[in-house]
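After this come two complexes, each holding subunit A, first together with subunit B and then together with subunit C.
So, the complex of A and B:
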């Protein structure tokens, strides 16, 4: 127990906690429990739920389409997480190194994050549209035919780029704070020793920033699995030929296009487990390499 | 072999002038200490030397080469910081070798050999495989020194390297630094706010204030012949007493006393400012400076001749090896370092004698010293005579 009593009575503190608890229970824990339950039922609009045991899960385990969706999701998440962290780190470093106009650079890097995902997706659509896109001409002049409405790999790249672009701002905010926390004397020592800029970033800043980077890897992983729905929905709708059909979009289609609530619930449980396992692995690995000061 | 010359060096931060046109010559192999209060520009001067700050004006010349606009890495200087600046995620060895490996100027064998030598010199062999968080403050500073010496730089720049250590360790490291300098003989510029460190370490000491150099001299000269009031009060602890007086017929006249200034009758003198003997004009106002240890109770030296002054004791501070008396002479506050175990209480009136060879006069406006009762050139003989008199 704390030595200092902040509230006069237990009732007062309980009352203050109530709204948070209520929202969590109604919108988080109860739906989670219900989804878990529904995953064992055959459920849809207009007919009674029928208990089917593990049948929904068996269906997923034996579905090659779903296997492909899992693989696409994991690869997509890896590309997005690595892409976001690497690009953000480099941008942060450039902003950190620049002497004048730091605030302006920072704002221009952060603004995509301020857009709602749907708006971000539409902006990206106009930037890279195969016929109307602003960037399409310059890219095609390099000899690449922009055809991501039909080309699965290109569509995957476009969605991944959009997802990375949107998340950079969030990462840069945390990274610039962490980088500014590195003592100036370390930078100066490196300068006196003639350590080059990139080597300073990789060998001095990044190791000291590991706790922040680890936090961002976790947040970015969750983002890649759950927060990129709008990009898939508005840019490709999971296509072409399911090339961008990541788990979150897959389960949305199952539930709200095909109205198979039972299967969709099973898919959401699987998604939860996949992300949970990835988090566990990340924690185990990064904990070993994180430097927490001292 | 490195001499460093600063010529009219200036550094401004927006409208703040940190270094205000200083000229300084640092000779080869010298241990030069820059001392001054916070914000006097001493650290900025060091950082200008390192190239970590760009000079607003003036030039820095190392061995005849103008390095004012040269990158830090191309100046071949090593810096030791107050907070050690060790890379926290690297072992002691990697901390020492990281810069050398990155610069690519050294082979692996050369690096290993140099690390071995540095480890031996500094006795840090057992720290090489530890990370900084597993080291004490003194150990960290040793590793930081190791990183500095391993590159065999032309000059060491040290920015308050001992300030983060506890008092006992500081004294030990101070001696080790002096020893290290003797064995390496590398030109060293050392910045500190601690006048004891400045006096004990420096072969020459630069006293700075408000971005300007107040005096550059050997420690004892600085102490015995301060060029101005700032140096007189900054060097020495407790600080020199300053009493407002009028000069009349070679005598310093205060409301509560009048003491003759030895050698003033010849119309004297100022060795410290280097502008030769200047007659002391009668009737001018002055500030008489006397160090607390040059004042003593008349009862302690019954055989000493000369004037005595009457003082009222306000506060007594037993320091163990001496008794510090805060007194009032007339309206002027004054500190006296008396012998310990004296039975003196606040409110007592005491009779004070002084050492006539240790009087200084400063101009009340400019603060410049215009009189030292013992001249620089004859200091040894007069000091000897004074010793015999005691």
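So, the complex of A and C:
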């Protein structure tokens, strides 16, 4: 037993835990249970709920629109996660390599951690706007016609770029800490052996940073699935022709454009499973690497 | 053979210390050049927003238009007063402060009970709190919306603060930190017969200043940047937060009543509070992140 346990009043400990437990039960567990329940009902404003069994789920399994949304979400998450990790890793490496100006470089790339997604979305809308955008001219001079209000793949790229931009800060924060933990002797040995530049990053630093990178992959995946709602809502509203309609936006539409709370609840349950799987993966990975000081 | 000799020479040079000198010279321009390009890319969108927010129209046609204009005071005044963005900012501030203070208080209580009380089932309680990581807002906003309607909380500050008060992440970070406070200090407190309230106020909190500041910044950024939930649950303009208020400004642009310079002024205002806090308190913030990953 730990010597930290210096108090033993059950009433006091219960009182201390009560606020957190109360809020957890009322606003976290209970609504989740409610989502499971409602997913078996036909439910909307102004009409009585009707039990429909698995009908809402059957509807999802057979809906080609929902299948497409799943595929779009997975591809979007893959693009965002790979983009964020690669860019952040390279940036971190460059910052790690220099001796002068490190602090200044660091703050100028980690600030997007504080960036509100809604602000990021509007700024991106402005700089890539098909007629007004600052970047539109330069991009079109490369021979690409900027038309992402109508062109689905272009819209997908714009949303993904905005989402990647916002997430770089958070990733560099963790990566720089991990890279600074690599023993100097290892860096020196690598340099003496002529392992310089990018090869040192890929074959010396990355393997040692694996626990941090895995942690960030999971966090970034959750971000890509859920944290990017404002980008989709403000940049494309899921369009054009649903090309950027990721699951979280699809769920929002089901609930608050169509007011099908039953179907929306079934979609919430699907997202719950997604979060569950991601958290499980992270838990297993953290567990496996904890022996290596991760 | 030549390689072997060169290798030996490098080793010898390293021993002599020549290597160190060379490395500093190698803090080369190439790396700084790449860093500068990437930093410009990360900062560019916000620099454009800032520049445009000081102009009359918000139309950018060339590089020259990226210099600051002379309409800054007028634009910011118009956004804050005429478009009532000051009201949105105030609502966001109220929401964020209530969440930070409330979350911090009840999380300190919970973490204290978990670390310093010898009571049965506390591991189970800790798991019960950690399990809420599986229940982020996107998974439960449909039923939460219905619950708020039943409670009559829609459109109030209660709706956008109370559901956020229970925090597995904060309890976890505080628990980790409490476990790192030396047992000798805790034992001394016990020998002195210090009660739980005194222990919290005069031992625990003073020993946790850095972490408390760090988690406060994390919570503030998180709360201030919330978009989806206020969008759903707040529908009167008087109670709206800045993140969603931006959307109202943007709607007016598309309606032709407003220029982009005002939207960018609103965006800049919305970015400032979390950005300034992050820059000012970056040290405790980064230290707290390193606890979170463990």
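Just so we're on the same page, the second predicted complex is superposed on the first by the 268 of 294 C-alpha atoms of A that agree within 3 Å, B and C clash if a C-alpha of one lies under 4 Å from a C-alpha of the other, contacts with A are read in each partner's own complex, and residues count from 1 in each chain.
Assume contacts are C-beta pairs under 8 Å (C-beta built on N, C-alpha and C of every residue); 3 or more make two chains touch, one makes a residue touch a chain.
In this text the structure is predicted, and so the values were computed from the model without any measurement.
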item: Touching partner for A:251 - first (subunit B), second (subunit C), both, neither; value: second
item: First (subunit B), second (subunit C), both or neither touched by A:143; value: neither
item: First, second, both or neither for A:185, with subunit B first and subunit C second; value: first
item: First (subunit B), second (subunit C), both or neither touched by A:46; value: neither
item: Which superposed partner A:19 touches (first subunit B, second subunit C, both, neither); value: second
item: Touched partner set for A:34, first subunit B, second subunit C, both or neither; value: second
item: First, second, both or neither for A:207, with subunit B first and subunit C second; value: first
item: If touched residues of subunit A are counted for subunit B and for subunit C, the larger one; value: C
item: Set intersection of subunit A contacts, subunit C complex versus subunit B complex; value: 188, 191-193
item: Sites on subunit A touched by subunit B in the complex; value: 183, 185-186, 188-196, 199, 203-204, 207-208, 291, 293-294
item: Subunit A contact footprint on subunit B (complex, rising order); value: 50-52, 71-74, 77-79, 81, 83, 85, 87-89, 98-100, 102-103, 105, 133, 147, 151
item: In the complex, subunit A residues that touch subunit C; value: 1-10, 12-17, 19-21, 23-24, 27-32, 34-35, 38, 87, 90-91, 94-95, 97-101, 105, 107-109, 111-120, 122-127, 132, 134, 165, 168, 173-174, 177, 188, 191-193, 212, 215, 222, 225-226, 229-230, 233-234, 248, 251-252, 255-256, 261, 264-265, 268, 271-272, 275-276, 279
item: Contacting residues of subunit C [partner subunit A, same complex]; value: 7, 10-11, 14, 19, 23-24, 27, 31-32, 34-35, 38-39, 42-46, 48-49, 52, 58-60, 66, 105-107, 109-110, 112-119, 122, 125, 128-129, 132-136, 138-147, 162-163, 165-167, 171, 178-179, 183, 186-187, 189-190, 196, 199, 221, 224-225, 227-228, 231-232, 242-244, 246-247, 250, 260, 263-264, 267, 270-271, 274-275, 277-279, 282, 286, 289-290, 293
